[in-house]
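Please find one structure pasted underneath; my questions will follow.
When the chains are written out, they are named A, B, C and D in that same order, and each has its own residue count from 1.
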Amino acid sequence: MADVLASLADIYTTIGNLLTRLFVDVLGASPELASGIIKFLGAGLLATSVLLILVFNIWFERKVMARIQDRIGPNRVGPWGIFQTVADLAKLFTKEIIIPDGADLVPFMIAPVISVMSVVLIWAVVPFAPTLIGTDLNIGALYFVAVSSLGVVSILLAGWSSNNKYALLGAFRGVAMLVSYEVPFVLALLVPVILSGSMRMGDIVRAQSIPFLVVMPVAALIFWIASVAEVGRQPFDVIEGESEIVSGYHIEYSGFAFAMFYAAEWAHGFTVCALMTVLFLGGWRGPGAEQIPTLGIVYFLGKTFLVYFFQVWTRAILPRMRIDHILSFSWKFLVPLSLVLLVLSVLADKLGQLYIPGYAVAGSFVDLLPRTALLLVVNLIVGGLAALWVAGLGRRERRRQEAALSVASIEGRAAQQAR
Amino acid sequence: MTITPETVAFAIMSVLVLGGGLGVVSSRNLIHAALYLALTLFGVAGLFVLLEAPFLAAVQVLVYLGAIAVLVTITIMVTRRLMGITENVNRQWPVAALIAVLAAAILGFVVISQFAGVYPTQAVPPDTIERMGQSFASHQGFLLPFEVASVLLLAAMIGAIVVARD
Amino acid sequence: MIPLHLYLLVSAGLFCMGIYGVLARRNAVAILMGIELMLNAVNINLVAFWRYISPESLNGQVFAIFVFAVAAAEAAVGLALIISIYRNRETVIAEDVNILKW
Amino acid sequence: MTLETLVWLIPLPPLLAFFVILLFTRGNKRISDLVSVASILLTWVISIIVLIGALGTFHLGENPIITQIVWLPLGESVETSLTMGALVDPLGAVMLFFVPLTATMIFIYSTGYMASGHYWTEVKGEAHGEDHESDEHHEVVVDDAGRKLTQFDATKWKARFMAFISLFAGAMLILSIADSLLLLFVGWEIMGLCSYLLIGFWHNRVYPNQPNRTTPLKAGIKAFMTTRVGDVFMLLGIAWLYSVTGTLNFRETLYSGEMLLALEAPAFPTLGQSVPLLAGLSIAGSISILLFIGTVGKSAQFPLHTWLPDAMEGPTPVSAMIHAATMVSAGVYLLIRMFPLITVGWHGHGYPPAMKVIAGVGAFTALFAATISIAQRDVKKVLAYSTISQLGYMVAAVGIGAYIAAAFHLMTHAIFKALLFMGSGSVIHAVEHGEQHAHHEGHHFPIDFDAQDMFNMGGLWSRIPVTAWTFLVGGMALSGFPLITAGFWSKDEILADAWLHAPVVFFVLAAAAFLTGFYTMRQIGLTFAGKPRTHAAEEATQRDWRMNLPLIVLAVFGVVAGYVGVHEDFPLLGRLFGGNPFHHFVSQTLLESPEVALFDWTPVLLSVIVAVGGLLVGWLVYVRRPLEVGEADPLKKVLGPLYTLFENKYYFDELYEVAFIRPSQWLARQIYEVIDRGMIDGLLHFIARSTEWWAFRNKDFDTGVVNRGVDSMAEGIGEASDSFKYVQSGRIQQYLAVVAAGVLMLAAVFIWALFLH
């Protein structure tokens, strides 16, 4: 039993060993070949699982959105409508892919593929459990930033090749937003990298004996905002703002191509939540996760769905922002804030190491307390100042608005009296 | 030169690179050229991975694919004249071709004559990225070039904004 | 394992294509793309030499990174120039921009 | 003020006057006159004082008044340096007696003479303006020769005239007190200059209708050149003397016995064998001949006499001073001063060649000039030729050894000849006044009316009595009217010595004396006797005291001067006049005084006969039956061709013209043509042409090679650059292609160098 429990504790390695033994002993492949095949199978499994989770997520989001909007949400197809997404997908799969006239065929076809690719590739680096991770690249953080930037290319291609002005316009907007939010996204990403001292995702998770959210809440907030913008969902869903430019760059897409774009988008939303959990919520860390790796994935998925819930929540309640507001918010507020935060916190951390006794950079929960406190203080200060500054801006803006309104009203009355 | 996954990957990547390059150079439609460029860059990133320089691969993708390719594509879109695709090669293309071929011959000759059959002797030390990070900050290392590069980027950014400002 | 000269051949090929692209293409942006190709060829070379000749020293990689920086700066400024030329001269063809001649 | 310093002061006043007038008072005629006359009076007074002092000193010969200063240090010691000093010995005293006297009289006379008078001058276009200064404006007349003539005021340059005359007087006095040949030569040359300046004084005078008559300008040049010929030979003599004796001082050379002995050596020992003529000549003889040639030039003796008659072109006081009293006498003074040198080798009998030459030339000149004089129309020309003949007398006297007689005649001649010249001057003035008066009263005179022509005069006895009488005294003295005139005594002395030593000379001189008497009476007859032949003569008047006073004074001296030298043995008068004091005084100049010739009646009688005969014949021909208006000269009928010969002065002028002037002009022209133009110019032209040729070759080379080369290079570069400039096509890809090509080549080289090598 013990070994059964042990094998269950670390189910992933046991499966791995089983398979290798299978190939090597049974099929007589060379160990390298065997490991190659196992890696290949693992990758395939991961990709399909990402897309499958998607099905649940869509349903979950529509239900939550409905509940927030005080309606029931899909409940016809299957119990509580859980098969609604399957029905949608089936519909999309069967739809005919219409290629617009004058469209640039090759880029038209490639665009959806690249968008899905950019999302799925990110999962290669996400650590589900202490022993379960795609490839623990030592540049993990940088990898998924690079890959996510591929998304920009796909949008551009889609917008351009569909030979539609609205598509092109939407593409330009999307590219502008994504590129501009990439900067704060990376800067915020730097915080956990610096705190954990390494870009390897596994190390970052292991370093989070105290979740970085607690240590650097402002950084987490900036990362959260930037990631939502990266996805292009609700507060920033200017890309396919239905009311303005029909539905952005994938307007000309239909059928399976549209399904791929749609899937990529939703998957990206979920992926970002996963990143959030890995970077700021301590990934698979939980009581007993270290010992029993299989528990890791449970904690991980729990936290991810928690973050996802928040995302859907904000998506439901926040109105769409204007494109120039979005850009100016990024360049004029987020980027400077993150820079300042980053510099001050690193400075404080360095000073702390030098002057505060017993200031540990890594270690158990207790060891990290002084550092957490210090950084927490810095964050609160910077965050507070930023908040005050924004409030001031807001007040001034409101006063200007009212003045403009009063003037307008006076003129209006004058005009009426004049008539 | 046994067939190993690595050589296969190398073949794929080199095909991507050379094919992409050829595409960039010869494609009539400029957008296609830009796409081929992206393809080439991706191939190069792959080569970097093969050369066990993952950081560079990531930076390559991030910087080139993410930014420069996008920038180029956008510029092409902005500057396209609606009167269609003009003939993409100028009068002196035979000369250019000749020069390219000559250069290839010379480089090829040098490479083959000097570097044939050289195989990596040492393994890549695992902490190269950390050491690289330290080197950027240490005086013995590359602090000065690093700062100069940052100033350069700043200047380029400001320059680009000023020049392209409407 | 892959011998060094293969990498170098690939980079040489890319470099020569870059040269042809620069010298032969009419569109200014195509020229810039040619330049990008050449820079990438250089990068391949650098990294190849770093990997095959002296992996323990950081020079190759660092230098490649600086090539990235420069390439990025150059692309930015070049494209900005091309856009302003387009805005003023309504043309992007390199040959048309030939006022600075005798 | 010892005598020595006073001697120095004698020549000073005139020289000072010259500079004062020239520099300061040139503008004002009156002041100039005063300055010059005052200066000459001062000189006269000083010379009288010196004369008295000299006469008073015992044995003036041995210890004359001598002062010396170093003039030109030639060597270390004083002896070898050229000295300059003053010497007054008996001969000098004689000069100091009559030179200042005549000079003063002439100065006074010239202030009067130059006060009026006009002459014709040619108008050269704008020259006309020059006349505006003169008070009255003369109309322009055109003469036969087509020249535009106008009257020119002769008195315009009077101040300048007085200055020149003062300079001349100063020069004469320097000569007369000179103690060495050199200083004498200095005076000699200055006088030569002054003669040129004064003869050619009226340099713009032209004779209407006679284009080729010698004008004053030409006469001045002629005088200067001919005297210059003589001076050259004189200088040769001086140089020779200096080279032999080492000194030019009179006392050192002439009065030291051994010096004279040294000079006795034959001059041309080697040349002598081949040329018998030169054999007999001693050094002293040849030097004295050379010096004699100088005298011939200066005193107008035979060969070089032509300048004197033409010198009459100058104003009459000039003629009086220069050609009567002083300058011409300078020549004779030189001979007398050089007498010891001349008479080297003469011991009483047999003359040395030098003396023969001198005597011969002198005698011949006397006769020759006299013959010309009788046929002259111009009153001054007659006197000119008479001067020449009288000088001939003196030269002949020195030639035969009678230097005292020569000195005596020199003194008397100076006085009465100056008198005669001044008389003729006043005659001319009178005739000119007459012409003007007649002209005013309507008588028309041809433009070439010659106031000096005796045939236009006649009957002036009553018109100008003072001039007439003084002229008569002068004439009698000239022709040697016995007993009362000075001329008689001095000429007689010469004739006596000639009779004693050289009878041939005596007869020649006697003939000359006869002719002298004849032309003197002819002159008096033509000018004064009979009725006035022209209206000018009728109206002739001249009552200027400044002209008449000198005439009277000199007339008196003309008579008194003779009594000084009456031979002591002369019955009755000899004793009366102190026994020939002149002879004893002057003979002291030489160390051993020559013995006095015994008194001999025959020469005296002969000279009286000759003189009175000449006068009588002259009176018969011209005075008893005075000439009628327009009547030709009776002598012409008598002499016929001889007359024309004499009138034209034996055609010597033409002879010299042909013999010397034209050849020398020809020679000058040849030299000019051949040497100057031909060779020198030729050479210069050649050089010029060759350099020009070379310059052109340079130009060709320059333009051809350099310019064209450089230009073509420049063009080549220009074209090349033109074609090459298209390389900058503006197409950036082309540049890149070139760069790439360059890099490739470089790479190829490197590979070849590094790898394949």
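In the analysis below, contacts are C-beta pairs under 8 Å (C-beta built on N, C-alpha and C of every residue); 3 or more make two chains touch, one makes a residue touch a chain.
Just so we're clear, the structure is a prediction, and the values are computed from it rather than from any experiment.
Q: What is the graph distance from chain A to chain D, where chains are linked when they touch?
A: So the least number of steps between the two chains is 2.
Q: Along the shortest chain of touching chains, how many steps lie between chain A and chain B?
A: Tracing touching chains, the least step count from chain A to chain B comes to 1.
Q: Comparing chain centres built from Cα atoms against the global Cα centre, which chain wins on proximity?
A: Nearest to the common C-alpha centre lies chain C.
Q: Roughly how far is chain A from chain C, centre to centre by C-alpha average, rounded to an integer in Å?
A: Once rounded, the distance between the two centres reads 33 Å.
Q: Just how far, in Å, is the C-alpha centre of chain D from the one of chain B?
A: Measuring from centre to centre gives 124 Å for this pair.
Q: Just curious, how far off is chain D from chain C if you go by their C-alpha centres, in Å?
A: That pair's centroid distance is 118 Å.
Q: Determine the centre-to-centre distance between chain B and chain C, using the mean Cα coordinates as centres, and give it in whole Å.
A: 7
Q: At which residue positions does chain B touch at least two other chains?
A: 55, 59, 67, 90, 92, 95-96, 99, 103, 107
Q: Would you pick out the residues of chain D that each touch at least 2 other chains?
A: 731, 733, 737, 740
Q: Indicate which of the five shapes (line, ring, star, complete, other) describes how the chains touch one another.
A: other
Q: Can you give me every chain pair that touches, using the contact definition above?
A: Pairwise, the chains that meet the contact rule are A-B, B-C, B-D, C-D.
Q: Which stretch or stretches of chain C touch chain D in the complex?
A: Interface residues on chain C, with respect to chain D: 19, 22-25, 31, 94-95, 97-102.
Q: Provide the residue numbers of chain A that touch chain B in the complex, in ascending order.
A: 36, 104, 106-107, 110, 137-139, 142-143, 145-147, 149-150, 152-153, 156-157, 160-161, 168, 172, 175, 179, 182, 199
Q: Which stretch or stretches of chain D touch chain C in the complex?
A: On the chain D side, the touching residues are 725-726, 728-733, 736-737, 740.
Q: Okay, in this complex, where on chain B does chain C touch?
A: 1, 4, 6-7, 10, 14, 17-18, 21-22, 24-25, 30, 33-34, 37, 40-41, 44, 47-48, 50-53, 55-56, 59-60, 63-64, 67-68, 71-72, 75-76, 78-79, 81, 86-90, 92-93, 95-97, 99-101, 103-104, 107-108, 111-112, 115-125, 128, 131-132, 135-136, 141-142, 145, 149, 152-153, 155-157, 159-161, 163-164, 166
Q: Per the contact definition, I'd like the list of chain B residues that touch chain A in the complex.
A: Its residues touching chain A are 5, 29, 31-32, 35, 38, 54-55, 57-59, 61-62, 65-67, 69-70, 73-74, 77, 126, 129.
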